[in-house]
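Here it is, the structure, as structure tokens.
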Amino acid sequence: MDELLHWFDMIGIAVFAFSGVLAAGHKQMDLFGAVVLACVTSTGGGTIRDIILNIPVFWLQDTYYLWIAVATGVISFYLIRYLQVPMRLLMVADAIGLSVFVVIGTQKGLELGYSATIAIVMGMMTATFGGVIRDVLSGDIPLLLRREIYATAALTGAAVLVALDASGKLPGDLVIAIAVVVTLSIRLAALRWNLSAPIARFGNH
Amino acid sequence: MDELLHWFDMIGIAVFAFSGVLAAGHKQMDLFGAVVLACVTSTGGGTIRDIILNIPVFWLQDTYYLWIAVATGVISFYLIRYLQVPMRLLMVADAIGLSVFVVIGTQKGLELGYSATIAIVMGMMTATFGGVIRDVLSGDIPLLLRREIYATAALTGAAVLVALDASGKLPGDLVIAIAVVVTLSIRLAALRWNLSAPIARFGNH
Amino acid sequence: MDELLHWFDMIGIAVFAFSGVLAAGHKQMDLFGAVVLACVTSTGGGTIRDIILNIPVFWLQDTYYLWIAVATGVISFYLIRYLQVPMRLLMVADAIGLSVFVVIGTQKGLELGYSATIAIVMGMMTATFGGVIRDVLSGDIPLLLRREIYATAALTGAAVLVALDASGKLPGDLVIAIAVVVTLSIRLAALRWNLSAPIARFGNH
């Protein structure tokens, strides 16, 4: 189980780093600004999770996470100059990162012996706060808070993981894979068909 | 004294969660985005305080704080669709949260044996940083930094608490109640009569 | 070496506090909002560094850092009303703060025994995150992410410090002074001649 999670972790770092560079491209940032945004986007959620749980921040010892983010940042910075990158790709990269990070964060909460509530909150933080930082630094209202079933997808994936883990019937690797697929499916379906949850509005409008 | 503080704490969580949903309503966020904003607004200040003081984050063990935020978020999400909610209400809910949280944070600093300076800073952080996060995530310049005697009210309330606590003449519950009333009065008076502190501007403008 | 660093630290606090008040002036914030922004800008980077390294936040015991920020904030708040303050000054104050804080943060990472990678990251965080918070709270896209060789200057200064420290040939004070001068020179040159690193853009634009 640990190995699968580890691969997912590195994939999540890379796709969120890529999403950071795409956001940087929209704002015409320079190479180093883009790489900084790539690092902050890809490691931000897990950093906040570790700080709140008061455990060592994950990239302090395992610095290769930073190098993956930097390498992905530099490569995609030059890549987006020469390739046709559809705008939709930012959304898809973000969805993949969301799906693997929600599972990693929830799993970390469970391993540390926290309640289902806290495990789910940790999953949602890991998955969403990196993207929130990316959007805030780019001057946008976070994707997380917009209409398109973003928090909902993360919440469902985390809940599925907690429920399957509590039932104890399936092997750990399968539980993790199912939770990733559930999250990704909901988020991609929401993007594909423009699904949205009820929208907050005022009665007098 | 602890029990009064505890009640204030839950009231603060609820009114800040409500203020988060009101902000979400202005930006047409969906249900889950609104609930996330409710949670972050209501727990953000205390979370940053606990992290800086390096003590366990308050909602990790007492998860009912999160549930109060979630429940308030969901209920007010539907409430604001059917009731006439005057815009002013966001300001008043925010003022109540400011008043109870400044007292809770200052008290926590004093209990941990920190100096008056640090206790006051902790009170101001607890009271204001949740709202700052709400405003930043909503794409607004924080209320805290605008003109209307916001930081001033929190600072005065925290200073009153520290001074009365140091004098040791009044019972703890009364000290806390006085500090809450002082903070709330100053903030509501500022809102009512559009009071403002001196404004930063450049001499050559 | 410690004494030189200590002086640089206080200078960095003061210039970043000044840059916070200048930013507040552009947004017509009130006195207390401006002082809050001065404090957050000047202590934010070091606070995040200490939290991530899980060491006591530097201003909890040494509260005079806060008082330097508050005093600088109040004085410059009134100063900018009566003096002609060229807009360029914000950039220069920010550059000085960047240069001394990148050295302090990198040095702290090295002293704690972390790898060169982490020491450099800590230097960049200390130097840039206070300004990032200032810009986000003021509603601007962070200077850090814009074109003008900002992250590049910090990265170079941190790398010079790490390399000279590893070579062990020069006395510590000189190493620190060289790293500050290198960072400041690169940043001021970039401002003076509008230098910029390659800019992220899409191939199909």
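We call the chains A, B and C, going by the order they appear; numbering starts again at 1 in every chain.
Heads up, the rule we're going with is that a contact is a pair of C-beta atoms (placed from the backbone, for glycine too) under 8 Å apart; a residue touches a chain by one contact, two chains touch by 3 or more.
Each chain and its UniProt protein: A, B, C = Trimeric intracellular cation channel family protein.
Worth saying up front: this structure is predicted, and the values here are computed from it rather than measured.
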* For the protein chains shown, what form does their contact graph take: line, ring, star, complete or other? -> complete
* Asked: Considering chain A as a copy of chain B, what rotation angle in degrees (nearest 5) results from a C-alpha superposition of the former onto the latter?
  -> 120
* To do: State, to the nearest whole Å, the distance from the C-alpha centre of chain B to the C-alpha centre of chain C.
  => 29
* Structure fact -> Among chain C residues, those touching two or more other chains are 51, 54, 136
* **chain A residues within the chain B interface of the complex** => 51-54, 114-115, 117-118, 121, 124, 128, 132, 136, 140-142, 144-152, 155, 196-204
* Structure fact -> Given the complex, residues on chain A that touch chain C span 21, 24-25, 27-37, 47, 51, 54, 56-57, 60, 63, 66-67, 77, 80-85, 136-139
